[in-house]
Amino acid sequence: MQDPLVDLGFAKVDTHRAHRTGDPEVVFAQGKAPAQTLSIMRTLQRAHPERAVLATRVDEATAALLKANLPDVVVDPLGRTAVVGPLPPPAGTVLVICAGTSDLPVAAEAATTARVYGAEAQTISDVGVAGIHRLLAVREQLQTADALVVVAGMEGALPSVVGGLTGVPVVAVPTSVGYGASFGGLAALLAMLNSCAPGVTVVNIDNGFGAAVHASRIARNARR
Amino acid sequence: MQDPLVDLGFAKVDTHRAHRTGDPEVVFAQGKAPAQTLSIMRTLQRAHPERAVLATRVDEATAALLKANLPDVVVDPLGRTAVVGPLPPPAGTVLVICAGTSDLPVAAEAATTARVYGAEAQTISDVGVAGIHRLLAVREQLQTADALVVVAGMEGALPSVVGGLTGVPVVAVPTSVGYGASFGGLAALLAMLNSCAPGVTVVNIDNGFGAAVHASRIARNARR
Amino acid sequence: MQDPLVDLGFAKVDTHRAHRTGDPEVVFAQGKAPAQTLSIMRTLQRAHPERAVLATRVDEATAALLKANLPDVVVDPLGRTAVVGPLPPPAGTVLVICAGTSDLPVAAEAATTARVYGAEAQTISDVGVAGIHRLLAVREQLQTADALVVVAGMEGALPSVVGGLTGVPVVAVPTSVGYGASFGGLAALLAMLNSCAPGVTVVNIDNGFGAAVHASRIARNARR
Amino acid sequence: MQDPLVDLGFAKVDTHRAHRTGDPEVVFAQGKAPAQTLSIMRTLQRAHPERAVLATRVDEATAALLKANLPDVVVDPLGRTAVVGPLPPPAGTVLVICAGTSDLPVAAEAATTARVYGAEAQTISDVGVAGIHRLLAVREQLQTADALVVVAGMEGALPSVVGGLTGVPVVAVPTSVGYGASFGGLAALLAMLNSCAPGVTVVNIDNGFGAAVHASRIARNARR
Amino acid sequence: MQDPLVDLGFAKVDTHRAHRTGDPEVVFAQGKAPAQTLSIMRTLQRAHPERAVLATRVDEATAALLKANLPDVVVDPLGRTAVVGPLPPPAGTVLVICAGTSDLPVAAEAATTARVYGAEAQTISDVGVAGIHRLLAVREQLQTADALVVVAGMEGALPSVVGGLTGVPVVAVPTSVGYGASFGGLAALLAMLNSCAPGVTVVNIDNGFGAAVHASRIARNARR
Amino acid sequence: MQDPLVDLGFAKVDTHRAHRTGDPEVVFAQGKAPAQTLSIMRTLQRAHPERAVLATRVDEATAALLKANLPDVVVDPLGRTAVVGPLPPPAGTVLVICAGTSDLPVAAEAATTARVYGAEAQTISDVGVAGIHRLLAVREQLQTADALVVVAGMEGALPSVVGGLTGVPVVAVPTSVGYGASFGGLAALLAMLNSCAPGVTVVNIDNGFGAAVHASRIARNARR
Amino acid sequence: MQDPLVDLGFAKVDTHRAHRTGDPEVVFAQGKAPAQTLSIMRTLQRAHPERAVLATRVDEATAALLKANLPDVVVDPLGRTAVVGPLPPPAGTVLVICAGTSDLPVAAEAATTARVYGAEAQTISDVGVAGIHRLLAVREQLQTADALVVVAGMEGALPSVVGGLTGVPVVAVPTSVGYGASFGGLAALLAMLNSCAPGVTVVNIDNGFGAAVHASRIARNARR
Amino acid sequence: MQDPLVDLGFAKVDTHRAHRTGDPEVVFAQGKAPAQTLSIMRTLQRAHPERAVLATRVDEATAALLKANLPDVVVDPLGRTAVVGPLPPPAGTVLVICAGTSDLPVAAEAATTARVYGAEAQTISDVGVAGIHRLLAVREQLQTADALVVVAGMEGALPSVVGGLTGVPVVAVPTSVGYGASFGGLAALLAMLNSCAPGVTVVNIDNGFGAAVHASRIARNARR
């Protein structure tokens, strides 16, 4: 049997992981040279032309190189993601919610990730806690989702309010949006960990990707 | 002219401060022996029988000693306050709001303080952000106050939601209610400092007294 | 229509929340007097005799009072929980995993909570990362669960290893087990937030309850 | 009735908020592209030509673009603010106090904000605690204000001294001025939260805007 | 020559250090059994009957044992110090200043230490920054000292104000007096390290002893 | 009498402070535009041509402007200081000690400051604790100083060793030299605050200026 | 083959680990009931009567129970250790060094652990950095050891000085000895992590056990 | 005898240290000008042409200058090291293990350092805890090393798993790889300090150099 590890010199790419776990292949592009990200994506795509390959934290230089070399890559400059290959058919719905314009990049990363991981993804923005009526207006929509990803910076209060409105599983994503005593997202992170709404779970600051992996697994399982 | 400082040995009591600032006399009883608190309250009361004297952070032993020795003292075991002397006529309204049972001691300290500082004080509890409908039910009442003191532990989100519902000045009080990553109230404190609702100001953890001093000054001035 | 809020003096108990959300009633007993916890549990049980009522963080004095006054209460001294009323029929499986003896109280709280919230709960202990063969021995069992609650103190590495073995949604619970630079569970909390296994979400330190609420919602939905 | 939300693609602008709350419209320009800030300001101005629109945290590029496109914009490069539209008639006085040259930008942001929110604003600088005589020289002026905004970096002691000189409500603003163990303003923030002068409230580091919103609401209410 | 180290089993006591450095012998009693402190003090006193021996952090049990066994010991329960043997003739003056009643124990430790280290020590209390007139009233006295030890908890602002009033060397001592965001004296410590008054130096929280050692060396040298 | 405050627009310069305190005039250039620093230095020099004026934290652009406009300015690029006007006659000796090459800028700032404040300053470098023999080789020199400024980054151990070798007053300066868990100098700062050598006092991270102000006052007084 | 796991109800004891790794069996008694520690030690001793079993963090109640039930247990109340069974023949030397009386419990835990893990252990105390001559007096002895365990609280400087005197591998143990800004040993921990002496490695605060495990493995290997 | 210190103006180079300790000469290039690093390396090489001289933290500019001026320098751009002179004959084996591509620079620094310090060095990468089978595949190789250097960022779990697989001494190196709540490597550092695998010791964040110095001393001694 052929060795599933392809050695690119700077990384050994496991081209069989997708087969083993059913998950897509993912490249965390931050800290990698654009050419490295391109090389890994191409290797994975060739090994699995029938599946999507996702790159996250794609900066402008990497995006340009990918677009020049991977004909059908889809780059989202807002969420800093790049995807090649066909998306899986969606099963279950992940609803991504955020408060303000500044949280949109993390929300976009989450939405794309959810789609690559096999869920349908929808996004609602501009529903911050200081304007509670906007959030209440979408209350029905919250109930129809299989999993919620709630993105918020500053005081990070949105997951608590959302968690009090619905019994749908909530994953909270603190963002680094803020200044001064937000300490790079620490304030929002601590707030979410102390949420008075039971059942809210939390991921790392700005980690829209991780929240969406968790949420899309929930959504897929709920619609088996 | 008589010296306004009365030397009790362990403290020099300034019996003229009330005259100079119009504020009541206050004793921070925490860290003081019960007999010391009694002695200071008695000295201040004798110097100003026409005004209220407030003691905060009164523990059980101190409360018992005060009740045994100051005939007309009013002790609130919930808010751990003791008051002797007549309250000033109220001017303006301070509304104290809190989320849960555990925040009630800080809310009670704030309400008593506001009354001693010359404002009318009302309290609304059980209006946490995870049950937003209870808070919306009292929205009208928020608008009628001259100043709001909003008390919350855990994720400290209540001031942001309240601040988004009204233009009344809001003072937020983080409490040490919580565990683990609440770090003794730090999570709530940081959340309140990062509130997305403009105009929310913050005091120290569990400092219902300080919030009420600020709020009652606002209320008094608004009703001159 | 009858008012769903029963005012006990120290708390307003919302006896209709179960009806609205489908979740059980829960009392966080920490910081409450034993008589208060008893009073709230009794009120909720009378309003909903057909449903379970759960109390968490039940200390010895409270446990004794509950057992003396609620004939069919089930107290778990390890997990510090008390339950009255019939459990719902289980739907889906939550598997609770922990490393060592010291983490068992948090794991037990999680298991009981999952059952009260309508899932089947199983527990595996003694599978720490420093003895990786024990964990690998239960690998098949991990795959059969609908959601995993992974409890760990000290360096908090277990969720990363578990998350790498399976695609089942993982909720990680850091515990305050440790000393020195564990800083009351902060080390484990940070480790879990930085897990290299995608899709791991995290709750507050020692919050077995919250993790199980999230996990049991996943499990129930997966087996609709 | 016409929809009050104008969708600009990157943001939904609520053109009726001013009508509902009586507050001006504000744009937090930090993190926004210059063209976005311009677009939002223009939209708001068109909807409310009779009211002021304020932008804060305006960098040089944004300031240049605003000046080139909004004929009557008033840009303050020190406080990094931009204002279009007529100021409201002032009611009540907000006095902004700071210690040194380095705190002037935050003080200027506060003064402009207070004016846009309907108060008269005055500024006193160069009154640090290490030169206490300068502060005592303006003691009378402190008493005449309706609210005080006290801005300080480094050890953040000024609000305590000011709070001891007057019963006027004090809002303290810590600044990020300092180095080393100031930890980006944390030292000043903690000092202000622990002020021994009762009634001092605090906002986020460098948040002159928030302090002035609170203070101008106090001032307006005091002069109804 | 006789070995200067006397081995007590639990400690090796260097009975010649006083000879080498000119400083007195000191025992840090915290964490030592009362009998250990007694044994060390007695050994040192026998080796140097002509010099003072100082014990700091003496709790009640240790104080009682020392008084029962060392006939001429002088115990100060406020500052928790014990001294046996004659004090050196004072050279130069250390002035210890503190704000409130709660800081008195640390101030007392500093004063006793200064005397044992060979300086004259005076204490001024009740001169907090929120009542700046009391401090200004003693301004002349500040100028006559050779070194100042300024003790303050909470916001720790006193050293900055004192340092602005005089060119006498100032040593600041943060105390753990406070609650909430004082974080056990951290707020005062950071404030003092960031003092805008040049030349203020700082010691550990509650370290009245260390501040007085530094200050008395200054005072002695200034009066050689 | 003529007003001692000269208003430069961006700052009010107190040209009489030198007269009142006997200290030199100092400009903290960090955060100031080069032209501002030049303007303040020139104003102070004209008011006091017979005294030195010191600027600290002088960057390259400011240094160039000062050299082009102040004929007799002395700029030290290592310590980032600039001095105009005659130094006072030295009284007493400040000895500045540091461990390595990286700490030299802070040591140089301290040495220049000490000279401007009226003390003689000497510097010893390359005496780190990991090569204790170099430090012991200069032990005699330590004893002859009137005050010691000990500069160290990384683990900040040097002041403890120096403080154990001599009874001369020691001021410790932590530097931001290090990486990782030095947290910008926090490790060295904490180490120095916890020094087991009694009498060591500490200033802010990288604050060679403040340490030298304190030390030169000690040295001057010791040689009156 | 017999199952090596003995299930005690509260723990599954792996009686074959010693066979697999060559290390002794260890019980971390902190947080365990005395009867649990006794039960585990007895089970392990019966499985391996020819090897030592070590318990650490043994409190007084546990020590009493062990002594009453395990005839040949050796309890060290200083280091809070208990050992049953024969020690292995020593191979190589671990030298444990500490500064003061307060660090002795951690040093004793390290020495006992080293012996149980198969090394010879020696201890040197009273060699703090503030009295450097005592340390230099034992310099020769440092060179003869195969591994050094250096224990220090407060500023944690001792490992740096020791590491500069010798090329023997050094393991540093920070202790929680100190107060105020030692933050429970954090100051010493950070200092040791930033040691300027290359090759110093660090373990958790008060973890004499872990340091000795590492050091005794080094010593054993060096004397194969 | 000739003075072993060569004074380069900016540094005094001790050309005899190698002779005294048997260790190579090392230059920490970070924070030094390229010409300074070149000058020190050249001085050391001339003094000891028979030994290796190592420079760490060599940036691109320094690398270029070294290559242009030192004919036989070996620069590793990945590990940012430069070596001149012959390596010592290897004694004992240091195995460096890391999880991912991002940790490779620190691993490379460690490997080069180990070789310069006299050990044989091997590296295994791509063995993260989320893919435990890759690590288990090299389990035999772990056992053959004399010391292990385990490099990991993010949650820092690898040393615990490795430490559970082998009794070989483990030195853990946390890296700054991660984002958000990794806080620059703090999360990994804390995790490693709290490792449940006994005998794991830790060095500063990104300090591959220090870990390798410790490990190579172990390896050399084990193969004497």
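Order of writing sets the chain letters: A, B, C, D, E, F, G and H. Residues in each chain are counted from 1.
In the analysis below, contacts are C-beta pairs under 8 Å (C-beta built on N, C-alpha and C of every residue); 3 or more make two chains touch, one makes a residue touch a chain.
Everything quoted here is computed from the prediction, not taken from an experiment.
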Between chain B and chain F, the fewest steps along chains that touch one another: 2
For chain A and chain H, chains touching each: C
Contact-pair overlap exceeding half with A-H, pair selected from E-G, D-E or C-H: E-G
Same-site or different-site touching of chain D by its copy chain E, using the half cut: same
Distance between the centres, which are taken as Cα means, of chain C and chain A, whole angstrom: 27
Whole-Å gap separating chain D and chain G, where each centre is the average of the chain's CA atoms: 58
Approximate Å spacing (C-alpha centroids) for the pair chain B, chain C: 36
Whole-Å gap between the CA centroids of chain E and chain H: 46
Multi-partner residues of chain H (at least 2 other chains): 131, 180-182, 186, 189, 193-194, 204
Chain pairs that touch, as defined at the top of this document: A-B, A-C, A-D, A-H, B-C, B-D, B-E, C-G, C-H, D-E, D-F, E-F, E-G, F-G, F-H, G-H
Complex contacts: residues of chain H adjacent to chain A: 101-102, 104, 125-126, 131, 177, 179-182
Footprint of chain E on chain D - complex, ascending: 99-100, 128-132, 136, 154-157, 160-161, 163-165, 178, 180-183, 186-188, 190-197
Interface residues, chain H side, partner chain G - complex: 21-23, 26, 146, 167-171, 189, 193-194, 198-204, 209-211, 213-214, 217-218, 221-222, 224
Complex contact set, residues of chain B against chain E: 10-12, 14, 30-32, 36, 174, 176, 184-186, 189, 204-207
